[in-house]
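Next up: the structures, one after another.
Each of the next two complexes has chain A plus one more chain, namely chain B in the first and chain C in the second.
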Partner chain A sequence: MSPVIALEGLAKGYDIAGGARLTAVDDVSLTIAAGETYALVGESGCGKSTLARMAAMLTAPDAGQVSWSGQTVSQQRRSAVRAVRDHTQFVFQDPAAALSPRLTVEEAVSEPLRIRRRTGSRSVADLLDDVGLDRSMGRRYPRELSGGQRQRVVIARALALEPKLLVLDEPVASLDVSVQAQVLNLLADLQAEHGLAYLLIAHDLAVVSSVADRIGVMYLGQIVEEGPAGDVVTTPRHPYTQMLIASVPAFVPGERGERPRVVGDPASPTERRTGCAFATRCAFATQVCLDVAPPRRELGDVAVRCHHAS
Partner chain B sequence: MTAALEIDDLWVEAGDPDDPLVLVRGVSLTVAAASVVGLVGESGSGKTVTCMASLGLAGRGVRITGGSVRAQGIELVGADERTLMRVRGGVVGTVFQDPLSSLNPLQRIGDQIAEAVMLHHGGRRRSHHARVVELLAKVGVPAPEQRARAYPHELSGGLRQRVAIAMALANDPALLVADEPTTALDVTVQAQVLDVIRSATRDEARSALIVTHDLGLVAEVADRVAVMYAGQIVEEGPVASVFQDPQHPYTRGLLASRPVLAAGRRRLGAMVGRPPLPGSWPAGCAFAPRCPVATGACGEAPPIRTSDQGWSRCWHPGSGETTATSRAEEGAA
Partner chain C sequence: MRRRGIDLRLWVPLGVLVLTIVACFVGPMLLGPEAGQQALGERLAPPAWLPGAIDGRPLGTDAFGRDMLTRTLEGGQVSLQVGFGAATGAVLVGMVLGLVAGYWGGWCDRVIMAGADIWLAFPFLVIALAAVAVVGSDIPVLIVLLTLGGWVLPTRVTRTIALRVRSEDYVVAAAGAGASDLYLVRRHVLPQVLPANLVVWSFTVGALVVIEGALSFLGLGVKPPTASWGNIIADGTPYLQTAWWIVAWPALMIVVTVICANALGNALRGRWNAGADVIDKEVVP
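Our next item is the complex of A and B:
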């Protein structure tokens, strides 16, 4: 199956206060096929959103390429960039910020079509139905909605343009469990129905394990482990993935506060470093880890950047 | 000992006073000194409205129509803005669902924290620099000296939430009110923010009311839990007993819909339907249309049953089996 989107060697850095240079994304490659969910997991600030913005061509990479349906998209061709932007819709972690307080639900959902003077194949009422919202909510304003209701509005609006790729940046993080389950099931249905490719950014590994086909684990701008979701959650190879899996609350009633402690913080993304970025927190680090950046290695279906993973 | 927070029969409504939309109906909740209470429930159940209205932060058109709220003994319902200002950021520190809403995008975060300290302690911004760095370090912000000079947009979501917590702790409040404090954070940061909250509460004898959908968080940091549905609390009790032996069918549904870490794509066990909107709450037990054990009796407002050290609002409280039995009995009758 040819991928909907392929990212190759993407990199992005920022100049920050004090003259330092911050590496947000460092040599990331991945592909996502139609109907596939690729989940990116990793700590706050590791570069997930920056990567997603580059995929959608909202941020220009310093290096690397973005291809859609096998065709490299030139950053210079405005019309090509605009087409990619239309093919990619975002659902963010914060639905409150994504919706204008002055637009009703109906206006918000039809806004993308109105701006492009297009008519969609689905009416606003259909779109609200799709996301399980009562049609009577159409006349409400965002402030009159709860968080879960707002997120459905955002999803309905994203679907209006009939995108090929949905970037789901923490789409259910602000929702409670039963609504989380419904939205995730809803997203799976919409994916099956429309053959959507999903780039899912999520921190909740329990959630990720139940919806993703592939998982990429990011640490300080790099993908340190990638493979089929089942392999990554059941036999994590990279010490960082192992730490993430260990942080998932066991949630056994009465076993309060018994989860293993997370060691240290990520190194600063502005630091120049040699060797493995995770070495400062890694229980298995040896001299080679401090001296040499671990290359990407294939271990069966899984690719890992670690000297000692096996 | 004075409770840190005592909400007593709080009623909140919005819209036209002649045809009001009731959002919160008769919520009573106590956060005892040095104790942590988790408030959970589905989206739209009224958790945020309860907290915001209690602290005098209800939005435009939202008003308290009954009840009382006391923070460290100070009555907040009907209090003037000066009293409320003194309480908020002084006696009570707040962390909201969206950290950006409590941060000014145009100001360096260090200056914002310094101003929160100044508000209650006076002095100059610069004289609080050490305190600012101490607060940032306390909530686990790496390189705090350097980060104090950053603007909110330069920080990732996780760092912003820590900054928001640092601001809430600026004046060493007796009570921390946190609305979804770990929402949208990745697991390792959640684990660390949990440690921050735990040390800011347990270790410093500070009370907290934590609004969250994350039952795992409640299991780890809270002493008691209150479960909210359709503007009411439907179950309240010590965390261990509520989680091990939930009395209300809604609590059981919530506990069952948590995804688990396992291999393979799968559908999640979602509870049927969605919570009713304010204005269309069913008469009697509002959960009845979604409840797997509802009977005809549930068309009437359920009684409050106390159990152990907690209580629930249900005609058929107790384990699923007992309830099935009581339904069979009712059917036979």
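Our next item is the complex of A and C:
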């Protein structure tokens, strides 16, 4: 069976002021199986949001392929993509911006159904039930809701077309910590109930380590390490992953092991570079790291882009 | 917070404008055709409260003995038709061009916005002069001409709002659910563009009534004996020292109309926050 989504060699760059070119995503490939949660973590500006938008076909890639359940949707006409958009829906980071101030909850949740003229399928009441909102909320406007409630509305709207994959762009980053757990639990319940696959974008390893089946670590537009969540979190191979794990606060002070500290800033995504993108910050960098871009290497279940990882 | 009760800042200028329109179009019928006729024996009679006033000529008479009340109201018919008609035309043209430029962007956007900049660089009165010389100066011609004089502002306002709304997350979400461009424009962009353009329309009415007055004053408006506020003022200027009322009444009407149109625009802008910042940036008072 073909994966729910397959990204192959995706790349996206932007021309920015001053004639420079910013490489947001550089040769990224990944696949997600049905019912699986794939978490993508990385610092701000590493290209994970751009990748998420390309996966949902909200942004067209410069190069590479996006396939939804075996069907190639990149390089297709816009009208052809429109017809299959039920497959993948997007959940935005800021639920306040993701809801029109002019539409009630009911109108917002039913909008995808109206767009697709599928008024006969799932009712708004069912969708609100699914995300744990009272039906009476339907007549309210987004400004009358809390952040957590708004994000539930956004999720309900994304579910309206019965997608196979939800792309979640930092779905809890703008919520209170107490609400974050509720929304993550809701997402887990929905996954169990509907067999959804998730592409979960996050910058916080602590958030994803508990919910993800697989984790991809992104640095400057590339996935530098990818593997089963347990492996990546407990035995990180790439120095950058090690740095990220070390930066997660330990429960018990002193349990925190000796790992390389986070040093320096990422190199500029507008600079042309040879060699490994992380070399400028890496404690283990040698001459080969500066000269040769590390290829993707398989180490058991884990894939790493590093010359020295073992 | 919405205030309770009647918002005077909105309803007073609106009321005065409606009253002006009704008076200009209904008033002359009530006064009868006789009042607008030339009567050389009644030349330059002063308004009713001054010595030498003629009965039944409350605002005095002009150099041909015509009743100034009738003339002023009749002149308003032309000025208001041209002002409101051209403002409506300008806003309609501006909304279409602004939506195309702001929503679709790309070369459409560059062509339209370059066109707007180039258009503003031309001296409008000179273009108007040439156009009137070629095609005459009927009311429809003046409306088209002044539509051309007012399309840039609504185009820019619409473009800026469309550009902003297009990239809002909730619009991207609708596009991600498979919505067509037509749906997105109709359901998400237009509802935000319309209120802003009603505000622009109001300001434009004021601006175009002044421009129509200027054109008529220069003899580029409707041809006498048809009255318009601008050509009454032009006819009255030689008599400014002896018969000030000829110039005063149409001038007063222009002032009142423009103030009310601008006040209405301000009140509407206060009522709908959508696009208020865009309008503030684009309308240079």
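Just so it is clear, the second predicted complex is superposed on the first by the 288 of 310 C-alpha atoms of A that agree within 3 Å, B and C clash if a C-alpha of one lies under 4 Å from a C-alpha of the other, contacts with A are read in each partner's own complex, and residues count from 1 in each chain.
Keep in mind that, in the parts below, a contact is a pair of C-beta atoms (placed from the backbone, for glycine too) under 8 Å apart; a residue touches a chain by one contact, two chains touch by 3 or more.
Source: prediction; values computed, not measured.
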When the two structures are overlaid on chain A, which partner does A:34 contact: first (chain B), second (chain C), both, or neither?
neither
Partner chain(s) touched by A:85 [first = chain B, second = chain C, both, neither]: second
Message: Applying the document's definition of touch, where does A:178 land relative to chain B and chain C: first, second, both, or neither?
response: first
- [ ] Identify the partner contact of A:293: answer first if only chain B is touched, second if only chain C is, both if each is, neither if none is.
- [x] neither
In this superposition, the partner of chain A with more touched residues, chain B or chain C, is B
Practice task
Scan A:73 for contacts with chain B and chain C and give back first, second, both or neither.
Solution key: neither
With both complexes superposed on chain A, which partner does A:97 reach: first (chain B), second (chain C), both or neither? both
Partner chain in contact with A:112 - chain B first, chain C second, else both or neither
second
Both partners, chain B and chain C, contact chain A at residues 94, 97
Chain A residues touching chain B in their complex are 16-18, 37, 41-45, 49, 93-94, 96-97, 132, 134, 143, 145-149, 170, 173-182, 184-185, 188, 203-207, 209-213, 229-231, 233-234, 243-245, 247-249, 251, 253-257, 259, 261-262, 265-266, 268
So, in the complex, the side of chain B touching chain A is made of residues 40-44, 48, 59, 97-98, 100-101, 140, 142-143, 146, 149-150, 154-159, 180, 183-192, 195, 198, 213, 215-217, 219-221, 239-240, 243-244, 253-254, 257-271, 274, 277
As the complex stands, chain C meets chain A at residues 168-180, 183, 188, 191
Touching chain C in the complex, chain A uses residues 56-58, 82-83, 85-86, 89-90, 92, 94, 97-100, 102-103, 108, 111-112, 115-116, 154, 157-158, 160-161
